[in-house]
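Structures for review follow.
The following pair of complexes shares a single chain, chain A, combined with chain B in the former and chain C in the latter.
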Partner chain A sequence: MIRLNHLPTLRIKPGAPRSFRYGRRRLQGVDGDTVATALFANGVRVFGRSLKYHRPRGLYSLDGESSNTLVNVDGVPNVCAETTLLAEGMRVSSQNAFPGPDFDLLGFMDALSWAMPAGFYYRVLHKPARLWPLAVPFIRKMAGVGTLSADFQAPGRRDEIYPAADVCVIGAGVAGMSAALAAAEAGLRVVLFESRPWPGGAFEYRPGTARDGVAYYRKTAELAAAVQASPHIRLFLNAPVIGVYSDGLVTAFQRGRPPHPFDERYIEVRAASVVAATGCSERPLLFDHNERPGVMQAGCAHRLARTWGILPGRTAVFSVGHDLGLEAAVDLFDLGVEIAAVAELRQDGLDRALVDALAQRRIPLLRGWSVTKAHGRHRVTRVTLAGPNGRFRKTIDCDLLVASAGFTPVTGPLTLAGARLAFDAHTGFFLPASLPPRVHAAGRLTGRQDWHAVAVSGRLAGLSAVHDSGIDRTAAIGESIDELASLPGPARGTQFVLAPGSGKKAFICFDEDATVKNVDQAMDKGFDVPELIKRFASVGTGPGQGGIPGHNLPLYVHQSGASPDGHPRPTTVRVPLTPTFLATYAGTRLDMSKRTPLHALQVADGGRMERLGVWHRARRFSEDERSREEILAVRTAVGMLDASTLGKFRIFGPDAVKVLDRVYVGDMTRVPRTRAKYSAMCNEDGCLADDGVIVCTGDNDYYFTTSTGRAGMTVEWIRYHTRFDDWDFGIVNLTDAYGVINLAGPEARTVLQRVTDADVSNEAFPYMGYREFAVDEIPVRAMRLGFVGELSFELHVPASWMVHVWNRLMAAGGDLGIRPFGLEAQNTLRLEKCHVIIGSESEQRTTLHDVGLGFLWHRDKPWAKTVGDTALRQTEHQPGRLKLVGFRMADPTAPLPGDGSVIVDRRIRGYVCTARYSFTLKEPVGLALVDDALSAEGSSLAIHEDGCGGRLARAVVTETPFYDPEGLRLRM
Partner chain B sequence: MAFTITCPICGPRSGYEFRYGGEDKGPRPDPAQMTPEAWCDYVHMTDSRPGVQKEWWYHRAGCGTWFTIYRDTTTNLEVAPDSPETVA
Partner chain C sequence: MKSDNRLRQSPVQLPGRVLRTRVRDHWPVVCAYADEGDGPWLVDLSHCHRIDLQGKPLGAMIPESLPEPEAPGDVRIQDMTMITRMGTAQGCLWRFGQAPAVTVGVNGTAITEATLALAILGRHTFAIAEKLSSLDLRAPGRRLPRLHQGPFARVPCQIVVLDAVPGREMLLLSCSRGYGRDMVGAITHAGAEFNLRPAGEDRFMGMWETVTRGLSYE
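For the complex of A and B:
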């Protein structure tokens, strides 16, 4: 198709072709086309088929108000062709039509529409119940649009940004841009969202002239240039708003195009003030076959010509109810469209100049007339018009019917922000009756249609936003109010919705194929509130998010006399205002994780790294999943574990010890300077929250460790439980400042002695001792602990010196067979010793008593108000709890039960926490939480595993620990 | 969480930066006088009244302070401490 390429309002580059595929056809559009305009320019009129009746659907609007033009683009279903810019090489195909939209095998569904009244699914298919399973597959096949496979991965690059702003303006039309400029003048940071690919809104394409004689499009372009030149305004184009929330939170997404480094990005702004300048959409006129391809809104027809250089038809009939429709008729006539007739709903109040212009062009103007029916199977070929009383009728041949009843304000963002709407009879609009603080409305959505009035209302909103932020604008606001009063006020609008006719095929909602008749049926059933009718008759619940029926439904219901209080009431608007890909919400999917100072060394040593919480840790250092060599090295020689992920904290100050006494179950008043104290934290239920070691490093100065998973919330926990006490203490998270090396095994002391001058003999540095010494002048905090059940030293080293100390120890132990060991080896080693890991041997309801750590609890410190103390007292002898026990298999050659397998008799009696093959004991051993009735030594446990087929494994509760029960090896 | 919270140290900030710490129930009562049931109620039960309540928040992504604000649970907005609704 030849484009009009001389218009100053064009947004396309006619000289820059873009080729794409549509089904099997190779087509060409131009740069600046949307998928919809490119298809239209190539003669495509039927874009797809409707949801229920498979009626042909075409281009009706241009901003995604309906699902008419949903297509599949590059494998992604349900892409709105109207709002997607064409790109070179795109593969577009139609949906919901087989073999194609022009001839669809399911087209006969339309003839069966009588069989599907409103509430069809609810009312018909649920009885008898046995029919439902048969009906489901059929409905599934018939309903819904587009197909998506379960393993579909959204293509493209996603991003997310959270810009800071003082003012967020929604809509970069004349009002929005004026508001943004007024706020920017005061130096405020403004974020301006525009859903179209360019700013300008309702004026940027119009050649008509404002009161000062300058064309609208020129004035609008000047405003846009000022916005784009302002350093204070960040304009997001192609960025529809998703939602507006309280306290100025606005979410949106932006569609990217080169050179943007993303295909779509999520935007979230928290602004001090919000200005809604979302303008109007056109109010659809309801008549029979009002959605036939060839029927379109006035703005759609006009913009096709002015913005994309495409003539929307050869011969057109207009049936409109506003001056913009008359303006479009005049302009399209001048551009070469034959206008057979203009039916105008209004009898009076028409713009004189436009009426004269129509007369000069000899275009018949029929006042008080309206279209009642569109004819033609797949596209409009003829229309029937009817006069004011519905008696006089005319039928006119045409290929384009421009139909539009009036305007509907786009109030979604405003209502989400908390505005209350009330119906205004003069404009026929739902207007904001009250606005929440720091929310302002401006522009055409307030009913004003005059360029200057729209601009000034925008400026007023912008000034009000500035005023909100504490900059006095009283004078300027007063001036703007005066100026606005001198300009044309809100224009009178029609309340006309339904043309005379049966309404059988007058579609109030295109997405869900709901007709006016369906709404009547719902009202016959007794529904009287639009909110309920909307659901029963499925009106406005489709992808267009109510763009077509939005305000038509409440108006129609009101006019029918059904509404209980006599006031039209809009239906509730919800997010997302524009359908948004889930992938866009997911954003960049950044995986935040931490590496220990030894990460590279661990990998170089063959460590199999694994993600545990936020950390990467080495599970093992060989192919052997049971880590035999590592375990034997620790039991017979010496090994080293990177334990840097432990939580590490300093707590100091005059009240530090009170804090420790509050959160730890033990008595912290006597932690000697040379000893490490093992203790646990409980929650108020007495359940185990954490365990760790506390050392005293100076006067009122303590250093303590927490388990890896608790490091992130320890400060919060401690501050929470001391919030009512005005205690003087400081707490510092040193988790990342220190690394930890666990040097363990009978040769550990030999290795350590080789790298330090300090005396680390058993006499000088006994079990559970704490020492500070230097390794090559590096200060090391050393604790003699025994988590793995051997002589071991836990060395806390400044993170930046970790590699050095590790390498020194490695070199020092080379002749002794030193080697790194991983988490798997550690797990088996500590299991043999029956040392618990919180989260493995405990869960939400496991108390300190349950895991056998009750001896840590110091019951005589009521002054401390220890967290969990009360519950520990109350549950100490509570029967029926799950207790931690050790078990061996009745048959030592039986396969190892999996962690988490349940222990059963007639019912579930507990579960296996951890079970491993012990190379030291040469048989499997495990820890389990079992009903206290089964916890006595010698009790038999029956273990059920998934897939065991009822063959239960037998285990026996045995004495713990399994390894070195006297603890001699820790003290050697 | 689409609301702002006024931290006593950092000022009004996005609600996403905070962790909720529950209704304010005052300092821990003396457990010696309490039955296990009464203690359990203190630990777990909340009033959950519609309207303005005093509650604890922690500035997790900020200064790390626990503090109380008043919030209207029906509008999900913070209420100034000196406004008349805060008098329970």
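For the complex of A and C:
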């Protein structure tokens, strides 16, 4: 197709060709084309097939208001051809049509539309009930748009950005730009979003003249230049807004194009004020076959010519209800389109100059007339028009029908911001009855159509935003109000018109193939408000997000008289206002995690790293999933575990001990300098929250550990539970400051003694002792603990020295068979000793007493009541609680039950917390939470596992701990 | 039992070829990287001493020779020492380069080991930052330097904006040490389009002197 390449409004570079493939065809567009305009320029008129009826669909709008032009681009389905800029080498294909959109084997579905009434999914194929599951695969295969495989990974580069702004303006049309400039003049930082690839909105392509005689596109271009020159305005083009939230939070995404380093990026702005200047879309005219390829909106036809240099058709009929339609007819005539007739819904109120212009061009103007039917199998070949009373009719041959009933204000952002909309009879719009604080509306969405009025309303909104920020603009606002009053006010809107006809093929929602008849069916079923009809008839629930039916549905329902409400009410608008990839929301997909100081060393040693919470940790150091060698090394020689992820804190100050007494169940006044005290924290319900050790490092100075998972919330936990006490203490999170090496095994002391001058003998450094000494002059905090049930030293080493100390210990224990061990070995080792891990052997409702840790509880703390104390008193002897027990399998050769397996008799009586094969004991052992009735030693447990086929595993409650019950090995 | 070659390890390794290093207090400090370019730059300052100060009044916890930030968010700099105030009763003291040691009482806790410290310098610093944080780091009307507390690359951070004048943009950030690798990865990724490169401590010190020269808190 030959392009009009002489127009000053063009946004393409005719001399810069772009090759792409469409199906098997190699086609050519130009730089600046969208996929849709490039296809249209190459003669493609049927872009795809509709959701249910497989009706041919073509170019209708240019802003992605419907799913008509969804195509597959480079393997990505459901890409909106209207808003996707063409790129060299693109591979485009149609979807939901076989073998192609021009001839679709499922096109016969259109003839079966009678069998798919409103509420099809709720009403049909449900009786008998077994029918529906059989029908679903067929329905899914035949309906829908693009297909997506379950393992689809969205290609492309994603990014995210959080620009700081004082004012966020949505829409860079004349009003939006005026608002932005007004705010920028005051020095405020403005973010301006425009969904199209260029600013200007409804005026940037129009050659008509404003009241000062200057063409709209020139005036708009001047405004755009001022915006782009302003250092205070950041203009994001090709950036549709996704959502607007309270406190000025606006989210958007931007489609990238060279040289952008992204394909799409997520944008989030929190501004003090928001200005919505989103303009209007066109309200579809309802008539039979109103979505046939060849039917398009006035703006679409006009912009095709003015922006992309493509004539939308050879012979056109217009059926419109606003001056913009008349203006388009005049201009397209001048550009070479034969205009067979203009049917104008309005009898009066037409722009006199435009009427004269039509007359000068001998274009027939039919006042009060409307199109009633579009003819043609795959594209429009002729149309039928009807006069005001429906009595007079004309049929005219044409290949283009420009149809537009009126305007629909794009109020989505305002609604999301919290504005309440009400129907305005003058404009026929749903307009905000009130706006939330710091939210302003401007421009065409308020009903104004005059260039100057739109600009001034934008300026007024911008000044109001400045005023919001505390800069007095009272005088300027007053001047703008006066000026606005002197300019044309909101234009009278066109009343809702439904062309005479059956309505069977008058589509109110293109995306869901929902017709006027479907809405009637819904109302016949008793649905009487648009919000319910929308759901029952699936009107406006497609990818276009209600763009096509959002206005017509409530007007039609209101006109029907079905609604109990005296006023039309719009349906609810939700995010996303413009849909995009979920991958775009994920942005750069930052997955921030923590690594211990030994991470690289652990990996080098063959550690199989796993992500546990925010940390990466070594699960094991061999292929053996049960970590046999690591376990045996600890039991027979010596091993080292990187336990750096433990939470570590310093708490100090005159009231530090009171704080500890508040959150720990034990008596913290009795923590001697040289001892480590094990204790637990409970929540208000007496349920286990955490455990750890506390050491006293100085006067009113303590160092304590928490479990890995609780480290991040411990400071807040403590601050929260002391918030009313005004106690004098400080707390510092030292979790990352110290690495922790758990040196464990009968040879642990030998190894440690080789690297330090300190006396670490059992006498000098007994079990549960705490010492501070040096390894290679590096200060180390050491505790003698025994989580894995062996002689153990927990060495707390400054993080930057961890690698050095680890290597020193490893070298010192080389001849003793020292080796690293991971979490799997630790889990089995501590299980043999029946040491609990909170979260593994406890759940939300597990109290201190349930897991046998009641001995930690100190009941009498006169000065600091323990968190959970009251609940502990109440639950201490409460019957019916789950209790932690140890069990052995009745048949030691039986398979190991999985963690989480349920314990049953006639009902669920508990579950297995942890079960492992004990290489030390040479049999499986486990810990389980069971009904207290089953907790007595010798009780039989029946364990059910998924897939066991009713064959329950048998276990017996047994004495604990399984290993070294006297605790001799800890104290050796 | 003393070894002679004991070296501490920084939580991060920046992706560049090291040109010169010096050892300070067992920290191998990178002075310069090859081909540092003309900015923006990323500098590892994890070796710099940092001390958490807590207590009421906070001023009493700050060594007498140093100025006290008056309100949360305030930052005071004296020579090579910087004090930030996080809340009514908490502050942080940073020492850069060869700054002499300061003595703090029991209310001070050394947190050098606990945190990662990075600096982003030079042009496009804030363009990089806005890709990683929704914090308004350049809110007009706020005096610099200024402390911000909040997410940077999703991680809770303390961020000190030292200067925002074009050409001397400079911000410091610290977060939990364990995030080091991912934090550097996130910043490097965000800065790729601006040609962000690693730089040594010399680059930082040079700009520090420029930025802090003549700072006044009147």
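Observations
Just so we're on the same page, the second predicted complex is superposed on the first by the 896 of 972 C-alpha atoms of A that agree within 3 Å, B and C clash if a C-alpha of one lies under 4 Å from a C-alpha of the other, contacts with A are read in each partner's own complex, and residues count from 1 in each chain.
Methods note: a residue touches a chain if its C-beta (ideal position, glycine included) is under 8 Å from a C-beta of that chain, and two chains touch if they have at least 3 such contacts.
All of these numbers come straight from a predicted model, not from anything done at the bench.
The larger set of touched chain A residues comes from C, when the choice is between chain B and chain C. Of the two partner chains placed around the shared chain by superposition, chain C is the only one that A:Val732 touches, whereas chain B remains out of contact. Touch criterion met: A:Leu590 reaches chain C, while chain B stays clear of it.
Using the contact criterion defined above for the overlaid structures, shared-chain residue A:Met802 touches chain C, although it does not reach chain B. When both complexes are overlaid on chain A, the residue A:Leu896 reaches neither chain B nor chain C.
By the touch criterion defined above, A:Ala164 lies against chain C but remains apart from chain B after alignment on the C-alpha atoms of chain A. Look at A:Arg270: by the touch rule set out above, it reaches both chain B and chain C.
Of the two partner chains placed around the shared chain by superposition, chain B is the only one that A:Tyr720 touches, whereas chain C remains out of contact.
Once the two complexes are laid over each other on the shared chain, residue contacts for A:Gly698 go to chain C alone; chain B is not touched. By the touch criterion defined above, A:Leu612 reaches neither chain B nor chain C. Touching of chain A by both chain B and chain C, each in its own complex, is seen for residues 270. Chain contact summary for the complex, chain B toward chain A: residues 2-4, 14-15, 19, 21, 26-28, 31-32, 34, 36, 39, 43, 56, 58, 60, 64-66, 75-77. Of all residues in chain A, only 159-164, 187, 189, 261, 268, 270, 588, 590-597, 599, 614-615, 650, 652-653, 698, 701, 728, 730-738, 755-757, 775-778, 798-804, 808 touch chain C in the complex they form. Residues 1-3, 6-11, 26-27, 52, 54-56, 89-90, 106-107, 109-111, 113-115, 130-131, 133-140, 153-155, 176-183, 186, 189-190, 192-193 of chain C are the ones that touch chain A when the two sit in their complex.
Note for the complex: chain A touches chain B at residues 245-247, 249, 270, 684-685, 715-716, 719-720, 723-724, 862, 865, 869-871, 873-874.
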